[in-house]
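Take a look at this one; I'll ask things after.
The first chain written gets the first letter, and so on, giving A, B, C, D and E; residue counts start at 1 in each chain.
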Amino acid sequence: MSTLPLDARFKLSYPGFCLDVDLQLPCQGVTALFGHSGAGKTTLLRCIAGLETAATGHLRVNGQIWQDNNTFVPTHRRALGYVFQEASLLPHLSARENLAFAIKRATQPVTEADRMDTIDLLGIAPLLDRSPGQLSGGERQRVTIARALLSKPGLLLMDEPLASVDQPLKQEILPYLENLKTTLDIPIIYVSHSAEEVARLADTLVAMENGRIVASGPLNDTLTRLDFPIKLGEEVGSVIEATVTERDPQWQLAKATFDGGELWFRDSGYDVGSQVRVRVFARDISLSLQHHSDTSIVNSLPAVVEEISTEQHPGLALVKLRVGNTPLVARLTHRSAHHLELAPGKPIWAQIKSVAIIQ
Amino acid sequence: MSTLPLDARFKLSYPGFCLDVDLQLPCQGVTALFGHSGAGKTTLLRCIAGLETAATGHLRVNGQIWQDNNTFVPTHRRALGYVFQEASLLPHLSARENLAFAIKRATQPVTEADRMDTIDLLGIAPLLDRSPGQLSGGERQRVTIARALLSKPGLLLMDEPLASVDQPLKQEILPYLENLKTTLDIPIIYVSHSAEEVARLADTLVAMENGRIVASGPLNDTLTRLDFPIKLGEEVGSVIEATVTERDPQWQLAKATFDGGELWFRDSGYDVGSQVRVRVFARDISLSLQHHSDTSIVNSLPAVVEEISTEQHPGLALVKLRVGNTPLVARLTHRSAHHLELAPGKPIWAQIKSVAIIQ
Amino acid sequence: QEINAAVASNFLLPMRDIVTAFEQQSQHRVSIASGSSGKLYAQIIQGAPFDVFLSADQEKPSALLESGHGISGSRFTYAQGSLVVIATNGLTDDPKALLSRGEFSRLAIANPRLAPYGAAAVETLKALTLWHAVSQKLVIGESVGQAYHFVISGNAQLAFIARAQVQNSQGEHPYWPVPTKLHNPIYQDAVLLKKGSYQLAAKQLLAFLQSEQALSIMDDYGYQPAGQQ
Amino acid sequence: MGFSAADIEALWLTLRLAAIVTLLLLMIGIPTAWWLCRTRCRWKGLISAIIALPLVLPPTVLGFYLLLAMGPNGPVGQLTEALGIGLLPFTFGGLVLGSIIYSLPFVVQPIQNAMEAIGERPLEVAATLGANPRDTFFNVVLPLAKPGILTATILGFTHTLGEFGVVLMIGGNIPGATRVISVQIYDHVEAMDYAQAHWLAATMVLFSFVVLAILYSRKHLMIWK
Amino acid sequence: MGFSAADIEALWLTLRLAAIVTLLLLMIGIPTAWWLCRTRCRWKGLISAIIALPLVLPPTVLGFYLLLAMGPNGPVGQLTEALGIGLLPFTFGGLVLGSIIYSLPFVVQPIQNAMEAIGERPLEVAATLGANPRDTFFNVVLPLAKPGILTATILGFTHTLGEFGVVLMIGGNIPGATRVISVQIYDHVEAMDYAQAHWLAATMVLFSFVVLAILYSRKHLMIWK
C-alpha cells in the first residue's frame, strides 16, 4: 500500500495556544498521543476529524486527500470513528438507539454478530434501553466506544477512551482493542495518560507539548530513549517483540524468545509461534553481578550496560542495557549503581520478574 | 471528637439498580470508594451530598444530622465540596469567576494566599480568563478541583477527580491532597479506579458492588486480604506506616523504620522523625532463600510466609508474608513458589526494589 | 372645561373641524375619541368618561337612554349620511352602469349588521334587484372605512361608502351618489351622557352641532342635516 | 343557546386556517430558525429584526399594508398575477399568507433558541458517525429542538386562532372563505349581541383550553421523560 | 412632513407603556417560568394552558371581556374599587394590565424553555458550592436563561408596541392617557389621512428595526461570545 498513509500538517491558533504539527503515521497499528494537559491532543484529533474548520493545513489518509489548500472533506464524509474525551451520547436516544444510529450510517454493513460481540465485550447489554442520563460515567463511556467501533471506521480517533473505566474492565477491553488493531488493519490514534494502555496498544508514540510534536517514532525507540522529552515517571520502560516458543501447561507459563534471550511469562493461551509484545518497566528490572537461582525472579538475562543517566529524582539512575540487540532500561538508585560499579560496557545480569511482563 | 463522624445509611432504587448501603467512616482522612463501573459510587456520593432527594435513610456528618426520617438538610446548607465525575464548571462564568463563585460562598474566609496557592498548585493561572468551552479536558477538571477546595468544605466528595489529568501533573496534585488531608482534618471520600491514587491517599477503603458495600476497613487490612472481593489485578499490595530515621544526602536516599525492619527509599525531603506511608506492590516483591548483596535491590527483609493463594491468573500465586508484625503480599509464579518450596511458616527474604516505594 | 366626545369613526373628520370651530367660540376644550359605534357603546356601558356620544346610528343612543346611561331628552339626530358608490381609480365608466351590468369582480360594503351604511347598501342593492346577482361578489368591511380601503387598494372595483369619504379622497375616483329613496335614511344620533362631568360644556357642544357653522362643515363633508329628505 | 350555521361555518374555517397556517409556519420557521442559528452571515441580526418587525404594527394597519401589497398595484399582487395565481385578498390563500407573516416571529424565535441550546457537540457526534447535514438536521436537531418546536406550534396556532386585525383587513369577511371565528365573535360584540358573543367565545376558550392542556402536559412529560 | 403634537404625545405614551409593560412582564414572567420549570405540581399543564389562553381570543374581544371584568360590576373592578384604586378602564393602569395579560404567554414560554434547557447540573453545582436557591436563581439560572429572556423581552416589547385591539377597547382612545401610537396610526388610516399614517408607521418600523437589530446582534454576540 502507500507508504505514508496518514500525513498531517496543521496550523491553528487560539488566543494563548497555537497548534503547529507535521506528522506522518504508518497506515496501521495504534499511535499513542501523549502529552500534558493542554498540550493540544484533543485539538489535533479534532483537526484530523475535520471539526476544526479554521485549521489550515494538509491531511492525507489512506491515499485520500481530506484537506489541503483547495479541499476540505466534511467530517461526515471522512470514514472515521471518534470517541470524544467527554461523554457524547446523543441525548435524545437510548443506548440502543445510539448504537443503531452508528450502525445505520456505518461505512460497511454491520452484522448482528458484530453487534452482539461489541455489546458483550463492553458489558453494556443490560443498559441498552437506558437513556444517557440514566447511565453511570463508565457506562456512558463504554456505550460511546461501542458506537465508534460499530461505525466501522477507516480511521479511529480515541480521546482517553478508558479514563473512566475501571481496572478489571480495562483489562477486558484492551485485548479487544489490540485484536481490533490486527484484524481491522486501520490506523488508530489513541490519546491516553496511562502508560499501561500506551504500552499495550501502541506501535508508535507521538509526544506533544505546547501544540507541537516534540518526539515521535516506533514505541520501543521512543520509550528507551533516556532523553525522551516527556517525562514518563513510573512508566519508563521498553517493549520487546518476541515469539512464543514454548508453553508450560503445568505452571501455566509460556516462553518467548527474542533477539537476546528468552522470557517466561504467564500463559494466556498464546499459540506457539505467535508474535507477542513484552513490556518491561524500568522499575521492574533489577541488576545483579551474578546469576541467582534461589529467588522467585524467573527471568534473568545477561546484559551489557550502555548508558547511565539521572532520573527526575536525583537519587535515581536510569541505566540503558543491551540484551543481544534488544535495548532495555532499568531504574535503580545511584547508590546501587555506584555499589555495583556500573559503567558503559560492563556485563551484568538483568533480573526481570516474569509477572511484570504484560502481554 | 465523636467516634463515628460519618454515619450513612441509604436506600434508593432505580429500575435495574438498587443502592443499599450502611457505612461508618472515620472523621478524618481519605476514604477511597472502589468498585466497578455502575457499582453505585456516584449514586452514593450524590446521596451524601443531598442531591438524590428520593433516597431514604440516615446521614450524620461531624455530629450533625443531615438526613433522617424527619430531616433533610438541603445541599446548599451541607458544608461540602463536590468534584463531579463530569466537567461541571458553570458555563456562563470564566475559570476565574467559577473560583470566585466558590470563594464568595465558602464556609470560611479564603485568603488571597490560599487562592494563589491553590491556583499555582493546579497550574491554572494562565487559564483563568478562559470560559469553560475554551479549556481542555484536563484543564477543566483542574479548575473544578480548585473550586471545590476553595469552598473550604467540611467534607470533600471527589468523583474520579484525576481521571483526565496526566501522570506528571497527578504527581504534583496528589501530594497536595495528601497534605490537605492532614492539615484540613476533614473527611474526604474519593472515588477512583486508580490503585496508585488510592494507595497514596486512602486511609480507608470501601468496596462497592451492585449498590452494596462488600468490604470496608483500614487500607492495609483490606489491601492485604487475599480474598478481597474486588480484584485489584496489578495493584495488589500493602501499605506500611513507618518513621523516617535517617537521611543519606550523598545518594539522596532516606531510611524508614517500621515494625519489622527498615526500608530505603528516595528522599523527597522528609524530616527525620516524620511518619511516612510506604506502598509496596505485590508485583514488586521478589523472594529469595538467601540474602544477596550483589544486586541493585536495596531492600531485603527477613520474612515469614503466612499464606499462599492463587491469583486471578492460574499461573500466579499471591503470598502473604509477615515482616515482624507487618503484613506484606508478594506475587510470583506458582512455579517459583514450588521451586522455592514455599509453605506457611517458612522463613524467606523479601526483596523490595527501593524504587518501588511510593512515598 | 375639557370634555370628551365619543365619535363614530365615519364622522371623525367633520367632527375635528367642528370642534376647532367650537373651541374658537367657547372656552372649552374637546378631545375626540373615535371608534366604531359598537365599541364606543360597550365602553360607555362600562363607565367610559365620555360626555357626549355621536353614534353612526340611532339604535345605540336609544339603547343608552333605556339603560340609563344617557340623559333622557338629550338625544337628537345630528346628521344624515349620504351613500355613494365609488369605483377604483382609472375606471372611467359610470359606477352605476358598472354596478348594474355586473362588470366587476368584487363589491365592497360595510357590515350591514354593524354599520348603517352597510344596511343602506344592502337595501339599495335589493331595491335595484341586484342583490342576488352581486351577493357572491360581496366583500364586507368592518366599517365603510374598510370598504373604502378595499377599493383604493384596487382589490375591489366598487364600494358603497359614505359621501364624506369621497369628499376627502385622494385621486380621481368616479362615484355615483345613491338616490336616498333607494334606502332608509341614515340618521346619526347624538346623546348626552350621564357619566360626563361637564354637562354644561357638553350641552353647548351638542347645541353647536346644530349651528349653521357646523351644518356647513357637515355639508362640506357630504352630510346632510337631519330631516332634509 | 346554540350555534348558527354561520357560526359553525366560521368555526370550521378557523380550524382549517389555523391548522394550515401552523403547518406552513413550521415548514418555513424551522428552516429559517436553523439557518439563523448556523449562519455566520453578518446580516443575521438584521434578518431576525425583519422577521420580528410585523409585530410592531397594529394588526389592522399591517393588514392595510398587506392589502396594498397584495392588490393589483402592489408588488405581491403583480407577482401573484404574473404567476397566474390571481390576487390574494379576499381569498383563503390571502388569509393564510397574512397570518403567516404576522405569526412568524412567534415561531422562529422559540425554535431558534431551542436549536442554539443544542450546542455543537451533538452535531459533531452525528458528523463523525457519518450523518450528513440533512440527516443530522432531521435525526438530531429536530428531535432535540422539540420543546421549542412545541412552543412555537402552540404560540403560532393560538395566535392564528385569535388574531383578526389582519384577517379582517385582507379577508373581506366572506362567509365560508374568510369569515373566521374571531371576526364572527367581534361582529357579535360590535352588534351588541353579547349573549351570542359570550357563547362563541366560551366555546373557543374551552376548546383551546383542552387542546393546550393536553399539549402542555405532553410537553412536560416529554422533558422529564 | 412632520409629526403633530398628538402624534408625539402618542409616541411618548407608547414608549412609556411598552417599557413599563415589558418590565412588569419580565417581573411576572420570569418567576412564573421558573415555577413552571421546577414544580412537580400536577396543575402545571393547566396553568401553562391558562396563561396561553388569552391568545385564542381576538384582541378586541379579549379587551371587551377585560372591560367587563375591570368595570364597576366586574370582579376586578370591585376589587380595585375596594382597594381604593378606583376603576382601571380608560386609565393608563388599565392599559398596562390589559397588555400584560395579552403578552404574558410570549414572555413565559421562551423563558421557561431556556430555563428547562439549563438542566440539573449547574443547579446542583451551585448548591454544592453553598448557593441557596435564591442565590442560584439570580446568579446561575438568570444568566444561563439570558437568550430566552432576551427573546421574551423582544416579543413582549414589540407585541405591546403593536397591539391595539385590547388597548383600544379598555383604553378608550383618550389622548395623553390611553391613545397610543398604534391607535393613532389606525385613526389616521381610518380618517384616510394616509400620508400621516405612512409617516408614523414608517417611523415606528424604522425605530423598532434599529432597536431590534441592535438587540439581535447583541444576542448573537452573547451566544457565540
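FYI, a contact is a pair of C-beta atoms (placed from the backbone, for glycine too) under 8 Å apart; a residue touches a chain by one contact, two chains touch by 3 or more.
Just so you know, these numbers come straight off a predicted model, no measurement behind them.
Undergrad: Measuring between mean CA coordinates, which chain is farthest from chain B?
TA: Most remote chain from chain B, centroid-wise, comes out as C.
Undergrad: Using each chain's Cα centroid, which is most distant from the centroid of chain A?
TA: Checked the centroid distances; the maximum from chain A is C.
Undergrad: Please report how many Å separate the Cα centroid of chain C from that of chain D, as a whole number.
TA: Here chain C and chain D have centroids separated by 35 Å.
Undergrad: Based only on mean CA positions, could you tell me how far chain B sits from chain C in angstrom?
TA: 91
Undergrad: List the centre-to-centre spacing of chain D and chain E in whole Å, with centres computed as mean CA coordinates.
TA: Centre separation, chain D to chain E: 19 Å.
Undergrad: Can you check how far apart chain A and chain E are, centre to centre, with Cα atoms defining each centre and the answer in Å?
TA: Chain centres of chain A and chain E, defined by C-alpha means, are spaced 60 Å apart.
Undergrad: Scan chain A for residues touching two or more other chains and write them down.
TA: 86
Undergrad: Residues of chain C that contact two or more other chains, please.
TA: 39, 42, 149
Undergrad: Of all the residues in chain E, which ones touch at least 2 other chains?
TA: In chain E, residues 60, 64, 189 touch at least two other chains, as defined above.
Undergrad: Would you mind giving me the full set of chain pairs in touch?
TA: Chains touch in the following pairs: A-B, A-D, B-E, C-D, C-E, D-E.
Undergrad: Which positions of chain D touch chain A when the two form their complex?
TA: 121-122, 124-133, 135-136, 139-140, 143-144, 146, 225
Undergrad: Enumerate the contact residues on chain E facing chain D in the complex.
TA: Listed in rising order, the residues are 44-46, 48-50, 52-62, 64-65, 105-106, 109-110, 113-114, 116-117, 147-148, 151, 154-155, 158-159, 161-165, 182-183, 185-186, 189, 197, 201, 204-205, 208-209, 212-217, 219-220, 223.
Undergrad: State the interface residues of chain C toward chain E in the complex, per the touch definition above.
TA: 4, 6, 9, 12-13, 31, 33-35, 39, 42-43, 45-50, 143, 145, 148-149, 165, 168-170
Undergrad: Taking the touch rule as given, give the residues of chain A at its contact with chain D in the complex, in rising order.
TA: Those residues of chain A that touch chain D are 49-51, 74-77, 79-82, 84, 86, 88-92, 101-102, 105-107, 131, 147-148, 151.
Undergrad: Going by the contact rule set out above, which residues of chain B touch chain A in the complex?
TA: My answer: residues 14, 16, 35-38, 41-43, 85-87, 123, 126-127, 130, 134-139, 142, 159-160, 163-171, 193-196, 231-235, 248, 250-253, 264, 266-268, 283-284, 286-290, 292, 294-298, 313-316, 330-340, 351, 353-356.
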